[in-house]
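Two complexes come next, and they have one chain in common, chain A, joined by chain B in the first and chain C in the second.
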Partner chain A sequence: MSLPRITHLPSGRLLSAILHHQRLLPSIIPLTVPKRAVIQGEYRRPGQPRKAKFPWKKINFNFSKGLEGIKKHFTLLKKEFTDRWVGPEGKPIVEHMLEQNRAVWEFRGPESLGEWTVSSDREIGGHSEAYLKLGRNNNTCFLYGTLSSTPPRDGETRYSGYCTMRSKQPLASFDRKKHHDWSSFNTLHLRVRGDGRPWMINISAETYFSHQKDDIYCYFLYTRGGPYWQDVKIPFSKFFLTHRGRIQDDQHPVWLDKVNTIGFTLGDKADGPFQLEIDFIGVCKDYAHTEEFAYEAYKRNPEV
Partner chain B sequence: MKGSRCLHQLKSLRLLSHAGRLLPPAAAGNNGALFRPRSSSQLGGLQCAQREVLRHFHSSPACTKGQPARFLQEEDKTRDKSLVTHDDLFEQVAKEAKTKATFNKVIDVYTKGDIRRRGHVEFIYAALKKMPEFGVEKDLTVYNKLLDVFPKEVFVPRNFIQRMFNHYPRQQECGVQVLEQMENYGIMPNIETKVLLVQIFGEKTHPMRKYQRIMYWFPKFKHVNPFPIPEQLPEDPVDLARFSLTRMANDWDAKVTVYQLPCTDVTESGAEVTLPHIVGIQSPGQMEALAKHNPDRPVFVEGPFPLWMRKTCVYYYVLRADPTPPEEKIEEPYDPERCLSYPLQLDLDLDRDLGDDESFDVEDLDEGPVFAMCMTSQGDQATLNQWISGLQESNPILGQIPTLFRLGAGPRELQGVGDADSASRSWFPSHVQREEAHPGEEAEAVVEEEPRRSQGVKQ
Partner chain C sequence: MNPYILAILLFGLGLGTTITFASSHWLLAWMGLEMNTLAIIPLMAQHHHPRAVEATTKYFLTQAAAAATLLFASITNAWLTGQWEIQQITHPLPTTMITLALALKIGLAPLHAWLPEVLQGLDLTTGLILSTWQKLAPFALILQIQPSNSTTLIILGLASTLIGGWGGLNQTQLRKILAYSSIAHLGWMILVLQFSPSITLLTLLTYFIMTFSTFLVFKLNKSTNINTLATSWAKAPALTALTPLILLSLGGLPPLTGFMPKWLILQELTKQGLAPTATLAALSALLSLYFYLRLSYAMALTISPNNLTGTTPWRLPSTQLTYPLATSTAMTICLLPLTPAISALLTP
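Let's look at the complex of A and B:
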């Protein structure tokens, strides 16, 4: 948590006191504390230079890729038109209304790996590695790699050593954003086989304001380790709200009607190899679970 | 609770001391006697730190009659008046033993050196950085002592303007960083921390808010791990192996057998041979499954697979077989006498509706049965042979089943996460081979296959 920089002018005496303070004790601060303005624009990864790339330089003109793209998008568009005749979201209405379980991600072939993005702290200059491949018998996904918590030497990063696997945003025709609609479910069901490390599941939902862009709902995934598969059921009422990795004071349950991505991240400060095998990720409706939200709406100014 | 009473007294004391500032400086020394007769007797039960803290309730440092405390041994360290950063204080002490006592000594040297506590923010940052070296990063008393370095009552905002404008931002950020390091190491602050924060920063300030957040969220997430690991893992490798095997087996009936204890033997030629420990686990269900296994199909010893518990990684080996192909699967009829309270099998003509379907539409992964697991410090074939021969005593069918060894690259020895640098460096060269030999990749694995026929004599 860092204090916002004082952008407005305080009263004269206070200002001189602060400046005097800063001059007396020059900045040999061993622990660098990030200075962020209250209004945050695009997130700049620490260590990256602040120069801007002109928007017209990002376009890529390529004929064959363009043709492929047109074919793909028009197929998707046609599918969208024909799906409406079958039922909502391409499923018959009976199934849509009554379904209790839906396996959202199953890793049954190499194309299922293309839906996931794997990244580690290598992007900010760290030394961790993370790779994704298909597991034994091509039936599971296998996320493995090495964690290293030596922070990159860029002067502002203090902690490091994480890796993450995040699903890609589902896209409709012409790269329009599509969302997962899990409003009729209330539990996340995974079958995983880890190595005993504690992971964190991050769900990112569609938001309205730009300040909410990095809002992620998180919960822990504790793996037991060992050769047996582990069934994990986490109700959505347990997910708490975080923003840029910091848990927030104003908590509310995750809104399931427009879920964008789900992700798994590991950052348990233990250097060494890690592995996680996932069989499938599904959502289900647990009638026995009646809790709406596990955390209280926090009083903004509680008494000490 | 004593602490909350102390808080109330502090609030009343602050009001009194505001009034006390109007007194002439000569009487300031008697503040203690005038304004605190009642509280001193009540606070007599609190710890020394509190009493030291109370001493800072003087109206101004210039008024103190007491001399800065002199201590005899450390004079040679602090005599040196050259420009020295606070890190150097720790470096000097680090040449001797790096313990909690020396760390506390450095803090004492600093606090008693200057009544004005010049540069306390830098000192606290340096101390936070040095804590892991001295091994005190998980000690709450040391954090409280470090928070004690802040001068009290100076940074407390006195009116609404000061409260609005982030009074003393550097000190508040420093306080927040102390709490953040406590949060990183998972240490729960106690009432003494709260009292210190109130005295130093006041209420409704950033460090106090951070303390409140820690006190709200930590208890919620303390017991959220369904497979809890004790803080102190057993150090004896056999005990550690026993603990981790029972953890993985997930079966109360599983029995742990120690096939060999670690010992150092001296052979005839005088060379020292260290025998590793071999601890295995098998449950009665697994024994039955192994007894019914078809002797024509081989069983595999696979490994090493990693298991992490907090920061220690141990490796285990597995005895498993490939799944039986569907044509060889025999459906055993249910024995009705196994359970007399209700029938195990019902032949009803009922189907479940879509709305009642509680199973996932995912094909069940059958990876083959696991018959036993073991842990050993040295994962070579000789040791695993010993394990198999030990297993054979309780599962005689192993004598007829061919056993193949599929061992990956040798594991790093059982080590905790000591040095981050060396650990990260040592993983690099082995990572390449480890990637090839990882379980699950049958084509690329470094496979050592050696058919092992029936053996009666231990090799």
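Let's look at the complex of A and C:
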């Protein structure tokens, strides 16, 4: 309510209006913090089912599938026990010490596509499309589609036009979370064939608090458009911390002992078709790279 | 960190432990323990890395739970017996509760699950303080209680040695290895507590010296996993030659200092008629020895893959003080012949 209107109020209502001062200044600041769903928006995380079903409706009792599931989980559990006798992560310690390169994701068959989740702004009502298939000779993965930066007509989204491909969290037996341990490596090595667009690589590490759920370490992947393959080596020291897409002030290097997922995002505001072909994603150890972190933090209270 | 704040926190740590040492009233002892917890929290979280904050939170929750249990147990004892003396606690219920609370404080199995994750999230200096100084105050209390529950203590001890051995086997992160080593050593200390508290004190002090050396070695090499340790030959070759001795001392091999506590404990256990317990403890020490040997193998017996054909890299002088490391390494390696003198010093 603006000031002139207040003065027209009778004094009794003015007093109650002062006591309920939220009505006095409704459009300036909310004096209570809205709940998390309002701030963070209700949108379906990619990879989650479309309609929220009641838990009892989700039960699909199938005897043979159940048996298969039991067999799979117990096999994984047995493998975990026997791997312990061999060495860390199931490999002998000598192999762990000598390892300098490791191809973590290689797209050599249809089952490799099942480890990835593809999504686009279709989740929030946009018009981009993204698909993932195997490339030529079943040797590579091919992410393609169309970007459309027309925002969805829901009254609150202002920008749109992105698509992403993210690896699924590795799981141990009985669907327990497992992490990638890349602490012996310091560089990400990819072999890609893009279309000249600038992509962003997102690495998500294991977090503890719920408000760190969207903490992602990002860096850029500039692709050349040509028919030649491109070897990209990005040191992990270059990855910077973002939260929900916004770069944070308090930066720190990514700790590589518990990496959950890696993802590729395209959101370059250029409408039209895109494609990215990936041969493999690996990690390697570059002994000549000694930088710990590429970004320096400014002292917030410098002594003058 | 601001040097004044750092000074306040370190003095707070010292004061907490001193208060617990000097106290004969349970409330004062509890207060000292709480001061220790609170003083180390900012030290652990000073780097503002999410993993450090996670480690701090986990540490605070476990230590607060242990302190609450301790307070509850001492109040129960006051209610049942009418007095607050630390050394006069005789009723089995408060004694058991206090033993379990102190076991959670120091990280004895089966209350050990927090220790590897917490140590992994910290930098090496804070990890050192956690592994050494923070164990003094709870041990001061453990040594003063009249242990009447022999089965509990033996179970705690054996479980710790076994879990410390098995858990550390496939680790590649050095801080987690040191956490499991801490659990195993604490197991040895608790095994002999009811028969000879002076041997417990001796084991604790020997463990402190050995862990101090190990942490400082890792700090000098700036290494937090086995692969980085493998490149330490180029940074400090003399230290790389000595570190296997430090690690073997942690493993308890003669003629190094680490053998002293194990020998005395096994002797005491056999005298008390617990030969199977002694055998099981000695066999589980083999598991720990395996991962110490693995560290020595990675560090001193192999060269990590590199492309330096003959030239060694520049070796710049370290900015870290080497005097404490030199002293503690000497003590870690050479103190076994002084066993009679040290036992005489510690026996009242």
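Going forward, the second predicted complex is superposed on the first by the 233 of 304 C-alpha atoms of A that agree within 3 Å, B and C clash if a C-alpha of one lies under 4 Å from a C-alpha of the other, contacts with A are read in each partner's own complex, and residues count from 1 in each chain.
Criterion: a residue touches a chain if its C-beta (ideal position, glycine included) is under 8 Å from a C-beta of that chain, and two chains touch if they have at least 3 such contacts.
Just so we're clear, the structure is a prediction, and the values are computed from it rather than from any experiment.
J.: Should A:77 be classified as contacting the first partner (chain B), the second (chain C), both, or neither?
T.: Once the two structures are laid over each other on A, A:77 reaches no partner at all.
J.: Is A:247 touching anything from chain B or chain C once the two structures are fitted on A? First, second, both or neither.
T.: In the superposition, A:247 touches chain B alone.
J.: Would you sort A:67 into first (chain B), second (chain C), both or neither based on which partner it touches?
T.: Once the two structures are laid over each other on A, A:67 reaches no partner at all.
J.: Where does A:144 make contact in the superposed view: on chain B (first), on chain C (second), on both, or on neither?
T.: Touch partner of A:144: chain B, not chain C.
J.: Looking at A:295 after the superposition, I want to know if it touches chain B, chain C, both of them or none. Which is it: first, second, both, neither?
T.: It touches chain B, and chain C stays clear.
J.: Compare chain B and chain C by how many residues of chain A each one touches, and report the one with more.
T.: Result: the larger residue contact count on chain A belongs to B.
J.: Considering only the touch criterion stated at the top, classify A:98 as touching first (chain B), second (chain C), both, or neither.
T.: both
J.: Quick check on the superposed pair: does A:171 touch chain B, chain C, both, or neither? Answer first, second, both or neither.
T.: A:171 contacts neither chain B nor chain C.
J.: I'd like to check the shared interface: which positions of chain A are touched by both chain B and chain C across the two complexes?
T.: Dual-contact residues (chain A): 98, 100.
J.: With touch defined as at the start, can you tell me which chain A residues reach chain C in the complex?
T.: Residue list for chain A touching chain C: 84, 87-89, 93, 96-98, 100, 181, 183-184, 207-209, 212, 215, 250, 252, 255, 257, 285, 287.
J.: Okay, in this complex, where on chain B does chain A touch?
T.: Going by the criterion above, the answer is residues 7, 85, 87, 119, 121-122, 125-126, 128-129, 161-162, 165-166, 169-170, 172-173, 176-177, 180, 184, 194, 198, 203-204, 206, 208, 210, 212-213, 216-217, 220-221, 224-227, 244, 247-250, 305-311, 313, 316, 318, 320, 353-362, 365, 367, 370, 373, 417, 420-421, 423-424, 427, 431, 434-435, 438-440, 442.
J.: Once bound in the complex, which stretches of chain A touch chain B?
T.: Per the stated touch rule, the residues are 1-4, 6, 10-11, 14, 18, 21, 25, 28-31, 33, 94-95, 98-101, 103, 106, 127, 129, 131, 135-137, 139-140, 142, 144, 146, 148-150, 159, 189, 195-198, 220, 222, 224-229, 247, 249, 269-275, 277, 279-280, 282, 284, 295, 298, 301-304.
J.: Across the complex, what residues on chain C touch chain A?
T.: 47-51, 53-54, 57, 120, 169-173, 224-227, 230, 294, 297-298, 302, 304-307
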